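Alright, structures below, take your time with them.
Look at the two complexes coming up: chain A is in both, with chain B in one and chain C in the other.
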Partner chain A sequence: MAGSTAPSGSRVRRQLPTSPWLFAAPGFLVTGVFVLYPFLSTVVDAFTDRRTLIPGRFVGLANFRELLHDDMFWIGLRNSTLYVLGVVPALVVLPLLLALLVQKNIPGIAFFRSAFYTPVVASIVVVGLIWVWLLDERGLVNSLLETLGAGPVGFLSDQWLLLVSAMAVTVWKGLGYYMIIYLAALANVPRELHEAAAVDGAGAVRRFLTVTVPAVRSTMVLVAALSSVAAFKVFSEVYLMAGPSGGPAGEDTTLVMLVQRTGTGLTGRVGYASAISLVVFAVTVVLMLLVLRADRKDEA
Partner chain B sequence: MSVIEKARPAHRPAPARASRSGLTDEHGRRVRAWELVVRYVLLLVVLALTIGPFLWQLSTSLKGPTEDIYSSPPSFLPAHPTLHNYARVADTIPVWEYALNSLKVAAGNVVTNCVGSALAGYALARLRYRGRRVATLVFILAMLVPAESIIIAQFTTMRELGLNNTLIGVVLPGCVAAMNVLLMRNAFLNLPFEIEEAAYVDGADVWQRFLRIALPSVKGTLAVVAIFAFMGAWDDFLWPLIVLSDPSKFTLTIGLNYLHGTFANDQRLVAAGTVIAVAPLIVLFACLQRYFFRGVGEGAVKG
Partner chain C sequence: MRISRRILATAATAAVLLPLSACGSGSGDSSSSDSSGKVQGDISFQTWNLRANFKSYFEGLIADFEKKYPGTHVKWIDQPAEGYADKISADAAAGTLPDVVNVSPDLAAPLAKAGLALDLDKDKAAAKYKSEYLPGAWAGNEIPGLPGTYAFPWYLNTGPLFYNKALFKEAGLNADQPPKTYAALFTDALQIAHKTDGKVATLANVPTIEDFGRYGVELMNKQGTAFAFNDAKGVELLTKYKQLFDAKALDPQALTATPESSGQKFLTGAVAMNPGSALDLHNFKTQAPTLYKNIGITDQITNTGHVNMYVMGLLVNSRSKEKPAAVAFAHFITDAQNQMSFAKKVAIFPSTAGSLEDPYFTKEDGTDETRVRVAAAKSLKTAVNYTPVLFSDQMKTALRNEVAKALQGKESPKAALDNAVKACNQLLQQG
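Presenting the complex of A and B:
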């Protein structure tokens, strides 16, 4: 979005007066009908008791009051928040280390870069089902553990282990994506800084902390912002690993899973699901602002 | 670089000496042998962690009905490799129809995103009219709205349009993604205005300038939009799950979830299904990977 003003010196003017809008019409139509209108109706519906087949009446803050007493809502909020806390630090640090590993142009490195990116390309459903099989009570991971003499671990049956396993899958799938972002940032780190530090006797770890990290700081903030918003909205990983009802007693339900479960189907409570959706929206906005604010404060 | 080079020339090995010993990095400096070994060991470990699960899935899908897929220690290679499970998936769920549905959705998404975002991006970047800034702002705001927070309203909108449970309904909400419009806008902004001015002087109207001059110059960005539109549509799960209810209309991702839910007890079947879903994408990615990494590679060499 660099530069929102028209490039100066533009003299290309001759056009039919209607054509700019003709050009933009398909984009506007789709954005208006399928993004902006649904957003506005989410805001409006959140204050009604609308259901799938029944038009809603205005009920004020009733939906939000109900949320406060809904155990499932608090479970969803807890799990989505835990997801952010568990996933974001790993996705800020690990892809950076991976980028450093694949940065140097040694023979075959292009193959490794592509291979590390493969989990990003694979559909989340494929990834989810692969890991369900790997973490199965009798799956590969447990089979290896047993070979080492450790008992089978109930990765998918224990409420907390399941959440942690889902986080691990999210991190596994995201590594390559953020690795590429870091690679682009590392390419812009001036070599002189490294050389100067090396001359001063700094080892690899010191150079990483005093040269690399400060140089890619703004990228780390970007990754933190992107991954925290994505982690808070997690749906597919947990849905696939825990099942539609959210694991044992629904204890692994996330907020977006709750939105999907509450708002769809013939008896879907559209109004109530919209209220939860607004909470999701509000938290993602707050997360973005928090991360960006933290960035600015550190620089000052 | 120059300051350090001048100040401490002794610390930089001469290029001639470096190239003698074989392997050098992009700056012509020798890579030490032990460092190289450590790097390759780490690379192979990560390779096993990222590719291993896919290979394990492939291996499971090739194992025959008499083979123990739960053995401990695990056997990584099928003793009697067979394609039988792939035929059985097709008997269990109409997997090829689902794949065709996914292909239709993905192809539709590519065409609409390329055409729609190129047109809108051009209008935002190159045409002058009242309200242009507001128009740009609309797309920026749309990009900031998380899809997950409006899916229920998108679902009811789709119902009101009577497009629920159709493949068109799957395509429509993302068919001109705001993100792609802004990508194309930035690509057009970076073109020098002079080339269009020359065409203008020669009497080309706005459509001719767009089609013959501007569009061919942003092919790279268009390719990126196309690749991501294809993968996004092929991989999407939540929206098709919500909008599709009739099993005959399922896309591959929804079909796989259905397969998993219904036949969870036979891992060979689920594994074969996932391989069918992921193989085309890995092939596509392998063919197009230079578009993914081109910018990064150029940057790394320059760095």
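Presenting the complex of A and C:
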């Protein structure tokens, strides 16, 4: 009976091309509606003068030409780039060191692992508010500094200190996330390599540089890629700490903040904001390619 | 069934071209309308952060309307204050704008330009209600460059200036004689900063467009086609603010402050003066009792003799399927009786003709709340909404950024205001 119900070979061949498409259809649908369509819509809008409530007309490269003369765009590009340069090295190195600290199975270590991970799950709005209270001119940090005889530091009123403060918050919030990734990578580093290095007389630092780092190098590249894209697209930390205007005179505005400020609201310039979005997209793609290329070069 | 390459290519092409379909014409219909048909059907009504405190009031009001007009049903939607304009713009763009929407004139302007707001002057049913409102309030929802009026006037608001008497005394000032003019304000602010070694600022916010208006600066040209706040008076105001900033009489964090953060600084005694409304008195009483004991209340400082007021309105969606019901409901909410009952629940002021003559707004009973209310109602008779209707959020940001550059000394006040006016005019022309 089994033989009679089994599909013939030719029927199987006829069904093969359809069934994969059917299985993939929900995925295609979701990707198409929520990823592809908005992306294509953004690409099209970038070449129009569309506003929130007013349909756009095709304006060619006018938005991109305007970008070149927009001081705010260059400020945004500068800040987003500085964010990558400031945040990525810290997020590649510090979580690795943290992972080494909590890697050991000693009593109570689970508490520290959870504690270090807490900022990751905390709401960014709450995190931002807490840090604003801490760094305010009359906040805890400045009170401590004043007790030590140092004057109040304008963490939230000085253009550069504000940006550095926001970077510190990003690093603080991201440490736990990347620490977990490194913990997984460290678990796969053969213990024999460490033992062999120790037998050869290598100290802790030497073993870290010659055994641990090469073993987790691909994870470091992954962390660099993920954190650089996230850093270039930073919004929440700076928005919460610098305010909607982007810090004093808007000098702390990042590119994504500029997209939000330009393209939203009833009078939003959707076309222009879309052009800025495309620049953000292009830069993040280039960043990814650069990191991956550096990785391939290292492997070669 | 095979999926041919042709079908895939067609789908891909459609995906690329579909977004282009958004690029069409969409201007509103400006011909006269008549919403005087039968009041019936389901309508939606959106308020601006009112549910938390006035749920029962609005539910009662809606029940009264539904009883008055059998066959109607009102769905009440309330949106939080944060991101209100974004919510409206998302609804408007998606074609889901409620039938009746709570707006301020600057929010009504882009909706009117997009043809989404009913012109009340042209609508036969709505126009007949015009005489029920204060002329200035009705005119408050006119949009420069567009004929007509685009929202029913709802409540008006203005507020006094609060000051901390204890901080004034500490600085050697007479706490019973707060500054009444800008000149006195600047002198007192510099003295407070000097006496407290810069620890107490008098003001916590950079000057906004309303401040320029109150200082006596002509905000726009006579035709209302271009901004003009970079005149000599505007430069003078910004120069004075720069002196305050340098002396720490203006809070160092003013460049990034929001009304909430500056209110917080006033509560903690870091700032000596802050604008507010009668509602704030309750907050002071519960959140800062020490401050409440020392609270001083004075009029808004103005060089023009006219204080600033905020105007709220109810816009009727021009594409509403139940326009007669929407117009009737917007009028019902804003009629003299209902505005008066709302005013008695909260510190706002009705925009209907004659309402401000009610003893509730003219007679004091000795309490601070009444004193603030009576004084505010009196000042409202000549108050001005200094925020130009066409002054968008993007323009506010441009002005704020240029003001910050001037205060930091990166630009002269004149250059900063010239740049701000240029940027605002550019945005104005882009429509």
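Going forward, the second predicted complex is superposed on the first by the 270 of 300 C-alpha atoms of A that agree within 3 Å, B and C clash if a C-alpha of one lies under 4 Å from a C-alpha of the other, contacts with A are read in each partner's own complex, and residues count from 1 in each chain.
Keep in mind that, in the parts below, a contact is a pair of C-beta atoms (placed from the backbone, for glycine too) under 8 Å apart; a residue touches a chain by one contact, two chains touch by 3 or more.
What you see is a predicted model; the values in this text were computed from it and never measured.
S.K.: According to the stated criteria, A:Gly60 is in contact with first (chain B), second (chain C), both, or neither; which is it?
M.R.: neither
S.K.: Name the contact category of A:Arg138: first (chain B only), second (chain C only), both, or neither.
M.R.: Both partners, chain B and chain C.
S.K.: Could you say whether A:Gly268 touches chain B, chain C, both of them, or neither, answering first, second, both or neither?
M.R.: It touches chain B and chain C both.
S.K.: Is the number of chain A residues in contact higher for chain B or for chain C?
M.R.: Touching more residues of chain A than the other partner does is B.
S.K.: Does chain B (first) or chain C (second) touch A:Thr52, or do both, or does neither?
M.R.: In the superposed model, A:Thr52 contacts both chain B and chain C.
S.K.: Answer with first, second, both or neither: which of chain B and chain C does A:Leu156 touch in the superposed model?
M.R.: The second partner, chain C, only.
S.K.: A:Tyr37 in the overlay: touching chain B, chain C, both, or neither? Say first, second, both or neither.
M.R.: Both chain B and chain C are touched by A:Tyr37.
S.K.: A:Val199 contacts which: chain B (first), chain C (second), both, neither?
M.R.: first
S.K.: With the touch criterion stated at the top, can you tell me which chain A residues are shared between the chain B interface and the chain C interface?
M.R.: 21, 36-37, 41, 45, 52, 136, 138, 243, 264, 268
S.K.: So in the complex, which bits of chain A are touching chain C?
M.R.: 17-18, 21, 32, 36-37, 40-41, 43-45, 48-58, 136-138, 154, 156-157, 162, 242-250, 261-262, 264-269
S.K.: Which part of chain C faces chain A closely enough to touch in the complex?
M.R.: Counting only chain C, the residues touching chain A are 1-3, 15-16, 18-20, 22-26, 85-86, 88-89, 92-93, 107, 110-111, 113-114, 116, 252-253, 255-258, 268, 270, 392-394, 397, 400-402, 404-405, 408, 410, 427, 430-431.
S.K.: In their shared complex, at which residues does chain B touch chain A?
M.R.: 1, 3-4, 8, 11, 23, 25-27, 31, 36, 39-40, 42-43, 46-47, 49-51, 53-54, 56-57, 60, 70-74, 112, 115-117, 119-120, 122-124, 126-129, 132-133, 135-136, 138-142, 145-146, 148-157, 159, 172-176, 178, 181-182, 186, 189, 193, 196-197, 200, 205-207, 209-210, 231, 234-235, 237-238, 241-242, 252-253, 256-257, 260-261, 267, 270-271, 273-274, 277-278, 281-282, 285-286, 289, 292-293, 295-297, 299-303
S.K.: So in the complex, which bits of chain A are touching chain B?
M.R.: So the residues of chain A in touch with chain B come to 1-7, 9-16, 19-21, 23-28, 30-31, 33-39, 41-42, 45, 52, 98, 101-107, 110, 112-119, 121-126, 129-134, 136, 138, 140, 143-144, 146-147, 172, 175-176, 180, 183-184, 186-192, 195-196, 199, 229, 233, 235-236, 240, 243, 256, 259-260, 263-264, 268, 270, 273-274, 277-278, 280-281, 284.
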